[in-house]
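I have a structure here, written as structure tokens, and I will follow up with some questions on it.
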Amino acid sequence: MTISPLNALLRWVVWAALVFLVVGPIYWVVSASFKETAEIIRPVPTLWPHRVVFENYAYLFTSTKYPRYLLNSLIVAAATMMVTTAITTIAGYAIYRLRVWGADWMSRAILLIYLAPTTLLLVPIYSLLAAVGLVNTLAGLVIVNVAFASPFCVWLLRGFYEAIPISLHEAAEVDGAGPMTIFWRIYLPLLAPGIGTIVLYAFIYSWTEFAFASQLIVTDGLKTLPMGLGALVGSYYINWGLLMAGASLATLPAVLLFAIVGRYFVRGLTSGAVIG
Amino acid sequence: MSELQIRDVHKKYGVLEVIHSISLDVADGEFIALVGPSGCGKSTLLRLIAGLEEITSGEISIGGRAVNRLAPKQRDIAMVFQTYALYPHMNVEDNMSFSLRLAKVGEKERQERVGKAAEILGLQPYLKRYPRQLSGGQRQRVAMGRAIVRDPAIYLFDEPLSNLDSKLRVAMRSEIKENHQRLKTTTVYVTHDQIEAMTMADRIVVLNGGRIEQVGAPLDLYDKPDNLFVASFIGSPAMNFIEGTIRGGDFLAADGTAIPVGFSLPGDGRPLQLGIRPEHLRLSAEGIALYVRTIEPTGAETLIHGTLAGVPVAAIFRERIAAQPGQSITVSLDVDKTHLFDAATSMRI
Amino acid sequence: MVMLEHSGQFLYADLVSGGANRPIWSRKQIEQVIGYILVAPLLCWMLVVLIYPIFSLLALSLTNTRIIGAPASFIAAENYVATLQSAPFWASVARSLVWLLGNIFLGTVVALAAALLLRQSWLLARHARVWILLPWVIPTVAVSVIWQWMLNTNYGVINIALQHLAITSAPLNIFGSRQLAMVGVIVANTWHWFPLSAVVMFGAMHNIPADLYEAAQIDGANSWQQFRHITLPSIEKVLFALGLVGGLWTLNVFDTIYLITRGGPSDATQTLPVLIYDTAFKGQRIGLAAAMSVVAICLLAALATLYARIAAPKEE
Amino acid sequence: MKKLRLATAVAAIVFSIATPSFAQQKTELVFWHQESPPNRVEAYQKLIDKFNAANPTIEVRQEVQDWGTIFQVAPAAIGSGTGPDILMAMPELGTYLRATGAVQPVSDFVKELDGQYHFLAAATDPYHDGGQYWGVPLWGMVQLLWYRKSAFEEAKITKAPATWEEVAEDAAKLTKGGRYGITLPASKTTATDQTFFSFLKTYKGENLFDADGKIIFDNPNAVRAVTTYTDLLKYAAPDSTNYAWGEPEAAFNSGAAAMLIDKGIMLSIFLKDSGAPAEDLGCAPIPEPAEGGQPGSHYASNAAMILTKDPAKQEAAKTFIRFLLQPDNYGPLLNAEPGLFLPVTADGFKLASWLADPALTKWPECTALLAKQSESGGLYGFTGGMYQINIGPIAGQNIIAQVIQKVVIDHASPKDAVAWGADQMRAAIK
């Protein structure tokens, strides 16, 4: 295939547009976080900081509990990720491979959960967690995040399970393995890309979650990053520089995580999963 | 003792009955082939024996022990799958020793048994390789090796050669047979390829529509098929059939051609099928006309497709044939090699 | 117990061996039991954290609760009558539909285009498969800050760029005008979510055998025809599933809209979730908001069913 | 009950054995406020540390909440027993929380402090209902008209406008070359509610309710106020309809707008955010209509509400509040955000510890103006000594702001918009 110069130009233009669309806004915020406030709100914007300042970050770290929020977010996201992965992987095994009675019904019903608007469940879920003393705890937040992240993960897992030939299961049975041994020794290793995908999905879900965190957590020391960022949009006044630094920092860890394992996520989404 | 007994086994999926009352005895050390067209229930029967499916009624026993409700792993069997079902994340050695590890066989014994099986199958150089690094034939050997290390009461093969190219298939065929002769383990072998069944099995079970049509040694089935189905299924090219009736000493075909068969039967006049294998037609100066459509010389013999007595037939001759498509030759039937079936019951007469 | 030492599977062996030949339960039954044990954590989780609250929402909707914890009494279907007769409720249902269609349209177009780009095989495309997901990993709060910031009339970079390029003469008052505000939040939401759809679509396209395209090229199909007759039909199922799940997600989006416009200006972006939130916490009518929620769930279910009926790809 | 008590006693004993002896009688107090900007949190923490050091038997802990979610978080937290012992509330939040039954009356305490420091009536009134005080005001916030002197000079305007008519004239002159004459929020937010209320008050339309609690918002004064406000928006940035807190200030500080109606927070942020010299910032009282007006501004006092039912904790809470109002501490408390938080006592305005802040000493006349404007301030729902427990849903739904939006976005006439708003208010309190 040869590409005509016109097509080559077009290709570059389209790619430039995509890069601009994806990275542009992020660059804009990150670069603003290194500007002085007066420069940020200047009517004629500057493409890069005229004077690079770190005061916004310094202020963020010395005067807010951002490091604490970061830690809380990491704890909640990691716990959500682990629990979600564990319960959806084993449930997927029961539904898609052991074909428990009602499996079809279950796999469909689980997605119907998305019918229920999350905002409406704020009140009843709060009451429920309050009754067992789990409001204002990170554990409570994990419980809610797992519940909301799981349905999509189960759905994602379907393709991965179905991509594993049933004959492997049968061969293992003949070889003398029981259902649990087969799960551990055959499915788990083969599901690795799928599990990688749901691990990241659950992590990102929890990382970006805002509505329940702001309802369930009241203690400053237990807040997560989105809440901390939300709080920077303060009362009667917004410190733009601080807000930009806060937004950049809320983005950074997820970006780093993605830089390291992102390609597994994408590979998982593209190879095993034939969703439908 | 590892004989296999199947008593009046039924299998239903809901209302759909796929196995109708099958009974079969397989002796210790015997090599049995299950053949039949696709959908005949041969694979299902194998899976019932393996315990991968549960029988609806009846009884299966292995080595005198009823295994109806036992899980596959408790039945002391090994199975080779059509797709080989090698564990992609394990190397050859791990694949072969997986069952031993599950059975808590010690490391030393494991290595010994895997080593022995690998030696038999010529797999030693590949023990550390992963399935994706192997050729089709090598994978097939690993699948066999996995079965061999188990030293089970019964081997079950589910069309193990159908994914190989024809040359390899022939080679593997003799290898499996060789192994069986060495190990003398009871074997049930499913295939849709009757040549495979003929060449390998001690006895063949022909299945059709979930029923056993005939059980017997390969040549018995070939020489004395019980019914039209078996007659047409066994043998390649398939047996030729001519519809007609017996009139005196001749077989009167539907188009009026009289074919001398040299015997007469009582109850003349009922509709029959005359069966004759392609190699049992002979060239003769006088006889019945065979209108030639195509000629396929293979060197050793000549295969002719044509029309005889108004029906399409195949014929194999040792001789080279000079005739051209569109011409006719005259043939006669090897009268002691003809088969007669009742057209109504399709049973052998 | 003979099997025990052999298999090392306690549960399994216990269930099976009422004497080696007379097991109590068959293999299938044991699998069922184990299966249910495995699926139980997820099901219980869903039941307790999601299903039960939905039912308590139902109970709440039959009371005149205004504030959590304040005394309230049973008023039967009054809240439902009020909901069904409420003009703002139906207006926000209509806005939710606009929001949904806008997101599905824009999201699908952008994601499809991006997915087609990702399918190219050169270096940039291969790397893009990862970094394209960046907008998705950013917390919604940050997304709202970014877009509010960029679309601001005074110092927003987009408005300034538009004026510099002489596309508009005056700054576009995006979040201050009725029509543009909806467009603005749809753009922001699309930016946040399109990467996930794009990668999923790319995955579906990735699995299309190359020889299909080769055959089509030999048959003389141009790029558009190849897209129309090979790519689209091949990813039809994925598009359908994305439409269903993505649609439900989109309809229930609350934070993006609320953080950017709070449902404004006036009520221009007050979709159902925003209205329900406002009614519950701003208007202090939790009971009424619960009734609205229940009605909303019914509407959503009806919509999803309708969609499944109409848009489901035919199974061969 | 007996069993429960026994269990409690056992638990108490176990607890007291398990904890180090010095902590034995410590009363823990959880203090909630919604002043989330880090500088404010820091200032509070300093005071709290000082208090905790001085009072070894009490341990105060601050927990910062968010104004955006406090209406949903507070009742839920109170209902589940995870709520605070002291909560900083605005009057509307106060009425809202009283419905949960958790708010404790503090009449005697308010009287005691009043005798000592002399509260402004505007500060205490919004917490006075049914013969009881329900909160102790700690600071107030009031608005002024702020302007950029350089812009005025450039447009050859020599004095700050005193009437709304003059504001309109000046705004027209100032609007040119990418600069707007004024910046006003017109979003569906509290920012608009409060800014507009200053107009409403000067037009004598501040009473939303009559003495019987009926809505009387649809009156000619309110229509005039809406007309003025929406007319002025013509000289404001078009996206004012999305301005909440922060944006008007940013527009003013960036030089994109020449006038601003805002709280005293300008004193803390102007220098840093605008990069302009202190002389550039001018301030004036909230203008009045040329005819038939009165001085006025939005004035909101924030009060500490005691939510604990435990008498020991209530006592401890009072000790803490007393501490905050002591002259040494009151200045630093207010200067958590200099200019924004104003004293609520007559004595407070003379307090050296308050006036000493550099942000205030730079603009002494503005500081004095803030104090003066506080006297004529008021708050919707709480004007003329009224206490409307129903104000919560009206404030919560920003109905006043919605009236402005009706005119600006939906092009309704001010009269229709006001009538619509009155209907909404009636529906909200039904």
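Some observations on this one:
In order of appearance the chains are A, B, C and D, and numbering begins at 1 in each one.
By our rule, a contact is a pair of C-beta atoms (placed from the backbone, for glycine too) under 8 Å apart; a residue touches a chain by one contact, two chains touch by 3 or more.
Fair warning: this is a prediction, and the values are worked out from it, not measured in the lab.
Think of each touching pair as a link: the shortest run of links from chain B to chain D has 2 of them. The chains touching chain B as well as chain C are A.
By C-beta contact pairs, the most connected chain pair is A-C. Summarising the inter-chain layout, the chain whose CA centre lies farthest from the centre of chain B is D.
With each centre defined as the average position of its C-alpha atoms, the distance from chain A to chain B rounds to 56 Å. Centre to centre, using the average C-alpha position, chain C and chain D are separated by 38 Å. A straight line joining the Cα centres of chain A and chain C is 14 Å long. Computed from the mean C-alpha positions, the centre of chain A lies at a distance of 37 Å from the centre of chain D. Listed for chain C are residues 7, 12, 30, 68, 154-155, 280, each touching two or more other chains. Shared interface positions of chain A, i.e. residues touching 2 or more other chains, are given as 41-43, 122-123, 126-127, 176, 178, 181, 230, 233, 240. Annotation for chain D: residues touching 2 or more other chains are 72, 76, 79, 247, 250, 254, 256. Inter-chain contacts, as defined above, occur between A-B, A-C, A-D, B-C, C-D. Taken in their complex, chain D has these residues touching chain C: 71-72, 75-76, 78-79, 96, 99-102, 186-189, 237-242, 244, 247, 250-251, 254, 256, 392-393, 396-398, 402, 405-406, 408-410, 428. Within the complex formed with chain C, the chain A residues making contact are 11, 14-15, 18-19, 21-23, 25-26, 28-29, 32, 40-45, 86-88, 90-91, 93-95, 98-101, 106, 110-128, 143-144, 146-148, 150-152, 154-155, 176, 178-181, 204, 207-208, 210-211, 225-226, 229-230, 233, 240, 243-244, 247, 250-251, 254-255, 257-259, 262-263, 265-266, 269-271, 273-276.
Only residues 165, 167-168, 170-178, 181, 185-186, 189-190 of chain A touch chain B when the two sit together in their complex. Across the complex, chain A is touched by residues 7, 9, 12, 30-32, 34-36, 38-39, 41-43, 45-46, 48-50, 52-54, 56-57, 60, 68, 113-114, 117, 120, 124, 128-142, 145-147, 149-150, 154-155, 157, 160, 191, 195, 199-200, 202-204, 206-207, 237-238, 240-241, 244-245, 248-249, 251-252, 254-255, 259, 272-273, 276-277, 280, 286, 289-290, 293, 296-297, 300-301, 304 of chain C.
Those residues of chain C that touch chain B in the complex are listed here as 3, 5-8, 12, 16, 20-23, 25-28, 30.
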